[in-house]
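Just so it is clear, A, B, C and D label the chains in written order, and each chain counts residues from 1 on its own.
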Amino acid sequence: MVCTIQIKEKPVLKDPVLIEGLPGIGFVANIATLHLIRELHAELFAEIHSASFQDLAVTARNGEARFPACELYYHRGSKGQERDLIILYGNTQALTTFGQYELCGKVLDIAQNMGCNYVITLGGLLREEKLSEPKLYCAASDQETLKEALNLGAEIIEGQVFGIAGLLVGLCKLWDMEGFCLLAETPGFYPDLAAARQVLNAISKMLQLTVDMDRLDSTAKTTTDILESFGLVFQPPDDKRRNERHSWHV
Amino acid sequence: MVCTIQIKEKPVLKDPVLIEGLPGIGFVANIATLHLIRELHAELFAEIHSASFQDLAVTARNGEARFPACELYYHRGSKGQERDLIILYGNTQALTTFGQYELCGKVLDIAQNMGCNYVITLGGLLREEKLSEPKLYCAASDQETLKEALNLGAEIIEGQVFGIAGLLVGLCKLWDMEGFCLLAETPGFYPDLAAARQVLNAISKMLQLTVDMDRLDSTAKTTTDILESFGLVFQPPDDKRRNERHSWHV
Amino acid sequence: MVCTIQIKEKPVLKDPVLIEGLPGIGFVANIATLHLIRELHAELFAEIHSASFQDLAVTARNGEARFPACELYYHRGSKGQERDLIILYGNTQALTTFGQYELCGKVLDIAQNMGCNYVITLGGLLREEKLSEPKLYCAASDQETLKEALNLGAEIIEGQVFGIAGLLVGLCKLWDMEGFCLLAETPGFYPDLAAARQVLNAISKMLQLTVDMDRLDSTAKTTTDILESFGLVFQPPDDKRRNERHSWHV
Amino acid sequence: MVCTIQIKEKPVLKDPVLIEGLPGIGFVANIATLHLIRELHAELFAEIHSASFQDLAVTARNGEARFPACELYYHRGSKGQERDLIILYGNTQALTTFGQYELCGKVLDIAQNMGCNYVITLGGLLREEKLSEPKLYCAASDQETLKEALNLGAEIIEGQVFGIAGLLVGLCKLWDMEGFCLLAETPGFYPDLAAARQVLNAISKMLQLTVDMDRLDSTAKTTTDILESFGLVFQPPDDKRRNERHSWHV
């Protein structure tokens, strides 16, 4: 097996937007997309496994073994203006550059096949201090799409966007798709609730999604627990919550 | 050559259980499966070589060159209750994540093709001190299978299971198989007889296998010799047995 | 995706020369080929993306995301003596040895398919000090081709030519092509205008190209900006121009 | 390109022996096989290039670019008893484990296709001091073949044989071939004339080859020059011969 996709359902969607939310800086995208999945009751329709993910299993409290995977969810916009969504969620990016390109290629193939022409990647932009009101930054595949991101109150990033958040927007042009990445400032090494809130607010407004933010704190905790179980994030040493583990069912 | 399988025989088995025993923490699985192969007179039916194994040969006392390989053995349960087995044994895991996924995929393909629906992986769980009566820990593909592991007296692992012991249980769900991993506490860096005994007792009971434990000490010595020859384990400096080498024929 | 080529146009050329100009020591080749593309108004006809390039996107001042890519341009010699050209330009070499071989193979396939039999690779030869009049060095696929390089005033390199500049000349023999590499002395860690001028003068003379050198300074600045954006070159700490960023449109 | 073979000639041989001589410890095999090629006037019949070799070119004194490659030569035994030979010679092994397996597989395929059933790999066995009369060590694919190696005055190696010398003997069993490796003691980091002489004497006797040893010193110098040019061996700092470079044509 190299990079395999298991399709569980083939939903018919109308001009869906692909939103990427794999673990990365500040785990901003990971919190934000898990929250979308929970609040919009998005449906799992595909699982992605890759030989470029870690070779381990982790166990949940209930003893079930899980292992590194990405998942694709869909949401059918229920109201007139709400956009249909494809959400890329998971507990890992690929470990190698090669695996990252392969993963992006597979995801773009599936999305395009479902009529998707628009990609939004989320993430964090590393800052030295924690900020109560993180600012948003963006980069886009083209000038037209950039305007849409700027309309969300984001400024232009000058520099590099590492990992899948950058690669997917860079690559989408090869698939004749458009897209932008939206990054919130974050100190970066710990799942960052404030940064996730910023990107969620922005894309909810743009895509006319009705997302309750009250439970975002709970989503951030779940994200932390999942990522800790995969060794991707560590509790700060003074954190007393270490012993309180939360279930991490999506 | 990438990952190649040489099938020597195609035994017809009845609902066999796959038991994984490649070298890992405490070499628990490696000792335990070698002991099963010896005591049950399991038959070699396939050899696996992979470009992801080490590129060296080692020589035995008798001058014959051997090189990194995994092997598949079968055992036909001779009594009414005894389960048929497929045993994955070898002197190496793959060196790369990619190679590990590939190896697991090939093994699961073969096992499924022989009617196997159930995977048990063995291993060690790292502890700082040596324990005379190591406890058992488990994780499983699903709740039903977990119960079977808990019935063996194991507790639920919370955390990560690295390498093939974790990966094979994580992956078996993609093949629509069930399975659990069973780990014994071990200080880990030396072949651990006590830990191997614990896992062997547990799976022998579950699978109704009649396995004489008297020669387990000799199996652990053989395992140490093989693994030393591949540079995977070192005698502690004060160990006077360094000069007594034992034959390592399986 | 592994190493993919997008052909935008299939120009008919007459016995074209392939000139390689990817980023390398002193970024000599990168400056020189960008200058050829600009001054000769060479046309982009193919883009190359590879899973062996970096997995990031970079943003220009205008907010557009770009990502690691190589490009092929052509120039149809407008005067009697001027040679037709295929120019390999880009913002990256491959990150792995494997990727380098793959990239070279693809480029040689395309070039050969367009009737090309002659390869010139450009580059820098590392020296400890900056030299106002850098000397040229060469190595060639065969004695006949070597003479042509020596006629440009180059001396024979004794030693190793790393990366694509060496590999492409070494490999071209497998495609039954001829070629040489032409390296200018350079202190190497910063885009080197003087070294680029030397190689450009030499190949312009040989290939009868009319190239205005007045704007070479501007080309070197553009090259620096592009490479900085990909994290491949850093401004020296005392460089006050850090804040003046230039557009890096080719 | 991955691992490609260019066959220049398909010689018909009678039960040839494959002798491996790629650069390794003490460059024993590399000197010995170059000497066989020169003294027996063996003919080049195939070239092997691989994306797992280094990505560079090196230049000879005469300005010609060469790059990492392996070559296959044949020798048709001219006298009654002299064995036909296939000689694997080159300036590199593969850089990765994966590449080593791939290279060995290709070489064994070709050799088997030419009627070869017997593999001899040469090499050095690392010792702390230089020895005027290095002893020989061996390991073999089976007991019958081991006897032939022991008859050459070699002792059994106990331990690991790294790289192609070990891998090729380990793998040849998968091709239903027999073989042994023959290693001479060497301090290892510099091309070792004395060790090369030992292995050459031994295999010349066994295979009834008439090989003049007078020019072995010159062969060792050529080997040193080639390997230096590829950065694989360095002159000791007090070595005054650094400036006298020798041509390294085979």
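Throughout what follows, a residue touches a chain if its C-beta (ideal position, glycine included) is under 8 Å from a C-beta of that chain, and two chains touch if they have at least 3 such contacts.
Owing to the predicted nature of the structure, the values given are computational and were not obtained by experimental measurement.
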item	value
Common touching chains of chain D and chain C	none
Residue-number overlap at the chain A/chain C interface, same or different (half cut)	different
Centroid-based (C-alpha) most distant chain relative to chain B	C
Rounded Å distance between chain B and chain C, as computed from the means of their C-alpha atoms	53
CA centroid of chain A to CA centroid of chain B, Å	37
Chain A, residues touching no fewer than two other chains	none
Category of the chain touch graph - line, ring, star, complete, other	ring
All touching chain pairs, where touch follows the definition stated at the start	A-B, A-C, B-D, C-D
Chain B - residues contacting chain D, complex	1-2, 4, 6, 49-59, 61-67, 95, 229-231, 245
Contact set on chain B toward chain A in their complex	97-98, 100-102, 105, 138-143, 146, 149-150, 156-164, 166-167, 169-171, 174, 180-181
